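A single structure is presented below for examination.
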Amino acid sequence: MESLILDTQLRHFLAEDLEHGDVTTDAIFGRETGLVQAIARQPLVACGMEQVAARVFCLLGGPVEFGELAPDGARIEAGRVVFTARGPAATLLKGERVALNLVQRLCGIATLTAEFVRRVEGLDTRIVDTRKTTPGLRMLEKYAVRCGGGSNHRFSLGDGVLIKDNHIAACGSLAEAVRRVRERVAHTLRIEVECDTLEQVREALAAGADIIMLDNMDLATLRKGVELIGTAAISEASGGITLDNVRAIAETGVDIISIGALTHSAPAVDIGLDWIS
Amino acid sequence: MESLILDTQLRHFLAEDLEHGDVTTDAIFGRETGLVQAIARQPLVACGMEQVAARVFCLLGGPVEFGELAPDGARIEAGRVVFTARGPAATLLKGERVALNLVQRLCGIATLTAEFVRRVEGLDTRIVDTRKTTPGLRMLEKYAVRCGGGSNHRFSLGDGVLIKDNHIAACGSLAEAVRRVRERVAHTLRIEVECDTLEQVREALAAGADIIMLDNMDLATLRKGVELIGTAAISEASGGITLDNVRAIAETGVDIISIGALTHSAPAVDIGLDWIS
Amino acid sequence: MESLILDTQLRHFLAEDLEHGDVTTDAIFGRETGLVQAIARQPLVACGMEQVAARVFCLLGGPVEFGELAPDGARIEAGRVVFTARGPAATLLKGERVALNLVQRLCGIATLTAEFVRRVEGLDTRIVDTRKTTPGLRMLEKYAVRCGGGSNHRFSLGDGVLIKDNHIAACGSLAEAVRRVRERVAHTLRIEVECDTLEQVREALAAGADIIMLDNMDLATLRKGVELIGTAAISEASGGITLDNVRAIAETGVDIISIGALTHSAPAVDIGLDWIS
Amino acid sequence: MESLILDTQLRHFLAEDLEHGDVTTDAIFGRETGLVQAIARQPLVACGMEQVAARVFCLLGGPVEFGELAPDGARIEAGRVVFTARGPAATLLKGERVALNLVQRLCGIATLTAEFVRRVEGLDTRIVDTRKTTPGLRMLEKYAVRCGGGSNHRFSLGDGVLIKDNHIAACGSLAEAVRRVRERVAHTLRIEVECDTLEQVREALAAGADIIMLDNMDLATLRKGVELIGTAAISEASGGITLDNVRAIAETGVDIISIGALTHSAPAVDIGLDWIS
Amino acid sequence: MESLILDTQLRHFLAEDLEHGDVTTDAIFGRETGLVQAIARQPLVACGMEQVAARVFCLLGGPVEFGELAPDGARIEAGRVVFTARGPAATLLKGERVALNLVQRLCGIATLTAEFVRRVEGLDTRIVDTRKTTPGLRMLEKYAVRCGGGSNHRFSLGDGVLIKDNHIAACGSLAEAVRRVRERVAHTLRIEVECDTLEQVREALAAGADIIMLDNMDLATLRKGVELIGTAAISEASGGITLDNVRAIAETGVDIISIGALTHSAPAVDIGLDWIS
Amino acid sequence: MESLILDTQLRHFLAEDLEHGDVTTDAIFGRETGLVQAIARQPLVACGMEQVAARVFCLLGGPVEFGELAPDGARIEAGRVVFTARGPAATLLKGERVALNLVQRLCGIATLTAEFVRRVEGLDTRIVDTRKTTPGLRMLEKYAVRCGGGSNHRFSLGDGVLIKDNHIAACGSLAEAVRRVRERVAHTLRIEVECDTLEQVREALAAGADIIMLDNMDLATLRKGVELIGTAAISEASGGITLDNVRAIAETGVDIISIGALTHSAPAVDIGLDWIS
């Protein structure tokens, strides 16, 4: 993540909470300083301690010193410090909620992703996200997926091709849709087609699709789809993936498993900020 | 929600997905029109169909007509339409993800809130949210809480007073903290103090707090806290509230129950967008 | 005021004057440095020397050193220095007008507020502002009121309740308006009702209003209003308040006196910037 | 004023008051409509009824119909309607303060300007403003000066040349300062030099200044300055201008009188918004 | 191009010219209307008449009617109308320069692109652009390339992979650079490697590159590069491409020819706006 | 150029290329540092090495040290270094394209301007630009003109008066157009009138125009126009100016020659960024 881009977002999030100041803290505090430590209240995979949480406090101003910043991707046990911060008490109190709201969500995504990745360990399948991200947080959430050991699917509608049912329906045929897209889009992008049936998989292969999404197929069908595809295209399973079935799905030999839940349903982890002095 | 404010946010969310266009749709579609219907794939409490989802498509341009918009707060059964939209196929395809990402999350919050509210039915206790919202989405998420029958706590650090442990620690005494705040903040705001013990409750009452947060207390202590407070202040229970214990907590007679989970842990509901023609 | 929020405003004000550069200064100056001092040309209460005036020069760039910054709220006699600045001559010349336009206005508000506060000295009445602020400058102007020893009323329509005539008229009854508001707004906000007559004061009290605004009442009526209210609500006098009548009004025992003139009619004070070397 | 530019400013001012909604109005009102009329509570020169006040309500949404809009520059007697608006009650209540805060200030400037202009009637002198405007409101305030019959001085540091004492001091000589500026700035801009003495006037004339500001001179000196200048340059009087002395100053034959007070000290006029039905 | 995204850019460009109004037009014009026609003063390929030029006038306000809008991609002879506009004279005069500055540049790019495309007619080679676009205009300029019959290379550093010399040098080996990238980037993106020598081409093929850029090679080397690559990767020629040599280069059988000059050196075409009445 | 204003633009240009990061560089690089040098690949006049190119890298973050920065306006021979930069390799790679896209264009303008200026050496004619600049880049491009030894015409429609054919046509007469403008616009601006014939020149002189643009006249007519004008106004030649005819035009004695090609048709110069270590 570019700090230039990230800072703009963090300032926007801080303004949401602090546009009219912090009436409580401003009434009570002068120039006192304080020391806080953030503690993982459950096991988690770290994401954003330095680039996000620490940066939030820096943007509020006043010299803040950080310590014990858990590195991105590190597995952290419950009870462990994920960062400490020493600086103006007012800055620490004002930035707390925005910093925690962000990293609890990001660590949640990293942690869930890491669990999916762990389940397919030893296999050659890649766990990837989708565009089912929180509006306004896509860059951060896709970063969290990478911190958890996953990979990213396309970032937006502008940088990846995915031909869906509705595109095909409106166009008349899968082959024609692929043809139109190939004619128009950058040669730097692979063309992906969503297939619900093996018949469609065959059509997509014939049309020269580069990636074939096997959507919501049962294991047996999926296995056949993967076989059909072979090395002619990249195979991607999608729909209905859970921690319970992800390994079985990966064992079909599918190249990619894309999971919306990584971002739309990862529970936030619990991180507390304790006042040390 | 003011449309002036909301539109700015929706444009920002659309830009995240569409800044570089939609390479797939732009390659395939001309001026075809289409009709889609959004279906609740699970029971839910509606939020944002008109102000958010429909508005997303409008902002993309092209005349879009909407139908069967589920009203905010309505309980919707699985399988029911929550809105239909007829307009340029390209607009429908481009806006789908942003619209769904938003309303699935908002309906999720409304649905969870409604369930909490249902559990305390018949009692005089109000279910409220916290500032544990998604950065950038606070206005929308607090609106969803209201659609679910809940109420809002303060919007930001600038429009509500909450004196916490750390404030008290830094200040030396609870009474002094309350005194400083009363001297400084607007008379239009009530002063709330977070208390962990009954001793603190007594101190807060003596200091003239207007709202007393009974934080993470067990039921017995909570009950005593509520008794101590009587009508001298508004009582608010917070911390560790679940669907299972919310009624017991409400039965202590506490005025307010504030629940971070309403916004930070409400699972997104499943809404699908089907292409009709 | 959060520096994060303030800087955005100051940059915006600087751009208004400097978007196309300073054709005079750019044509004449190279890297010369200079020393200026800002002088109070009349007695005033200081506001914004460090956070606003000095910050304006800093944002223009080049290392600028400040001295003798009059602290916020200090009473300054005519002829006294309120700050000195040493730095690039071009920066000093370019920032002068924006810095002075701001602090002359802010000190004007602080000075007028301080005079109102002085008039009610020894009494238990608080002088507060209104929303009659300059569009775009509300945060700064409300800060100036605090520097003058006053307090703030609500910041915006979103963080304070004030039920006015028109609300009551449209709603049918005062009691019903209060009821609807109490049901909907955050428990952290007090409910204020504007009353023009003692009859309305009684209704408001019966409806459980937390703050009762006694609007444009003559002294005798006001006194009765304050009596009626007693300790059942906070009393607030508003409308037609001047330096001449403010003490008499305060002597009725009213808790709060709100004065639009603090911000909409405070004359700017005269501060000059002299070139020392 | 370009509506494109103005709308951006008005949206910004509305957001200041309505970013978090209007908790009072939203709690009480549904889809009721209403009719309001704005009344001049004192004689005034109108400014901004259509472009500013009406536009504020339009931006809030809902169809609003306006009537009896006082044209810019019209002299309005006390008690006369300056506009009526019929539309959603919520829109009328929410936009009232922003609309009035703006037009009360703008009409105040137009009214004061018109009075200065009236005092020099029949003479060939032009009344102009300065850059002593409210930060963020320069475009609107300079428009108000024109509505009052005045003219504008330069808009910003980038579109007019004014060589001041400090420029001359830093540069060594007036002639050299003029020379450097003439070499660098656009030929479309006249070069103005601020002169405190007749000696400086002679120097400025010799250097070929296009406009000579006669700064803070007594009447006798001013008269001599104007004579010295003749038709060789445009003469501009500045500093210490009041309604009382403006005619005497104009009678010296000076071409331009620039008055900071037009914008920094014009008292806001009183305009009330009455609810009709 | 999404109108939502484009409008933001056009407003920004209009503000650059009109932030302080149009002093000439505002002084002369009232509510007169006019009719203008834009004429191609040289043969050109049209781009942006409807989406850009007409939209510029619309954003300025006032009802404007357009006619004879040349469709994107149409070849227009010298002397032909490319659009007519009837509306407020002030709007037409104010928007003229911004509209022409944009479409003259865009048509210039489309025209140059079309000429390159014409030179390779009948061959299977695609003409594409680069990131050598005007800062702030990339979306528009890449659209113009498509209007000219060309295709786009990656839009930004975030949506396409191009491993250059410097990446390889810093990394130690081409194979290692490809490996690292493949491990990290989305499977939806092809991996492109810039090669200066045939040796590097072999390495890139061995490493599994998807696209091989043959950079600044003479024709003979290029031909060998294309042969080496065969169907194992997409071949792309780059560097030193001119209208004179483009066909010879295409005849090597290379798949893609990327040309920075399409955007950084296309001369603006001449389009005049004539006042009809 | 004010750094405050410039930084906003540079951030915007960087976001265009880096909003979604740099997938190639982020995949390959860690914290390596590097040293690059930018080389003029053709003779050029330098513009923007320090304020623009170096600043681009600074905004991306990481400490970057610059050396051998060619001063603005310096004539640089082919093969000479125009700047070196040492810093994080990732920063250098990410900023390269934006920095080069900008300075290649700016140096192109400065170089072409310098050539026009050289052609009129020894004469008293000033070479100036027009508003035919790249949308969004006007401030930078007008700065480049000054670096090349030229001067600027008005910056925007708001800070200079130019009465054109269409204004005159709509107004009925040239004299009336001048009269209306003189009555309305700031006395700080000279009034310029575009004349196509000597008849119009006489009219413009009679109307008291301050600057007379002699538009698209042949040399003989131009010469007579200049004579007619004498010292009564500033004379400006415009239209059809080339490097070949500029000296002959200047030799007519015209004061100003304005040339749109300086900004709309200056070819970008070639500057390469070489990786040193």
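Points worth noting:
All chains are identified by letter, namely A, B, C, D, E and F, in their written order; residue positions are counted from 1 within each chain.
The rule is simple: a contact is a pair of C-beta atoms (placed from the backbone, for glycine too) under 8 Å apart; a residue touches a chain by one contact, two chains touch by 3 or more.
What you see is a predicted model; the values in this text were computed from it and never measured.
Shared contact partners of subunit C and subunit E, listed by label: A, B, D, F. Looking at subunit B and subunit E, the chains that touch each of them are A, D.
The interface holding more C-beta pairs in contact, when B-D is weighed against A-B, is A-B.
With each centre defined as the average position of its C-alpha atoms, the distance from subunit D to subunit F rounds to 32 Å. Put simply, the C-alpha centre of subunit A and that of subunit F have 45 angstrom between them. Computed from the mean C-alpha positions, the centre of subunit C lies at a distance of 23 Å from the centre of subunit D.
Contacts with at least two other chains are made by residues 18-22, 94, 155-156, 158-161, 184-186, 189 of subunit D.
Taken as a contact graph, the chains fit none of the simple arrangements: neither line, ring, star nor complete graph. Across the whole structure, chains are in contact as follows: A-B, A-C, A-E, A-F, B-C, B-D, B-E, C-D, C-F, D-E, D-F, E-F.
Against subunit B, the residues of subunit A that register as touching in their complex are 9, 12-13, 16-29, 32, 34, 89, 93-94, 97-98, 101-102, 104-105, 131-138, 156-167, 169-171, 177, 180-181, 183-186, 189, 264-265, 267-268, 275. Within the complex formed with subunit D, the subunit E residues making contact are 11, 14-15, 18-21, 59-61, 94.
Every residue of subunit D that touches subunit F in the complex is listed here, in rising order: 126, 128, 146, 151-155, 158-161, 184-190, 192, 211, 234, 236, 255-256. Only residues 1-5, 139, 155-156, 159 of subunit A touch subunit F when the two sit together in their complex.
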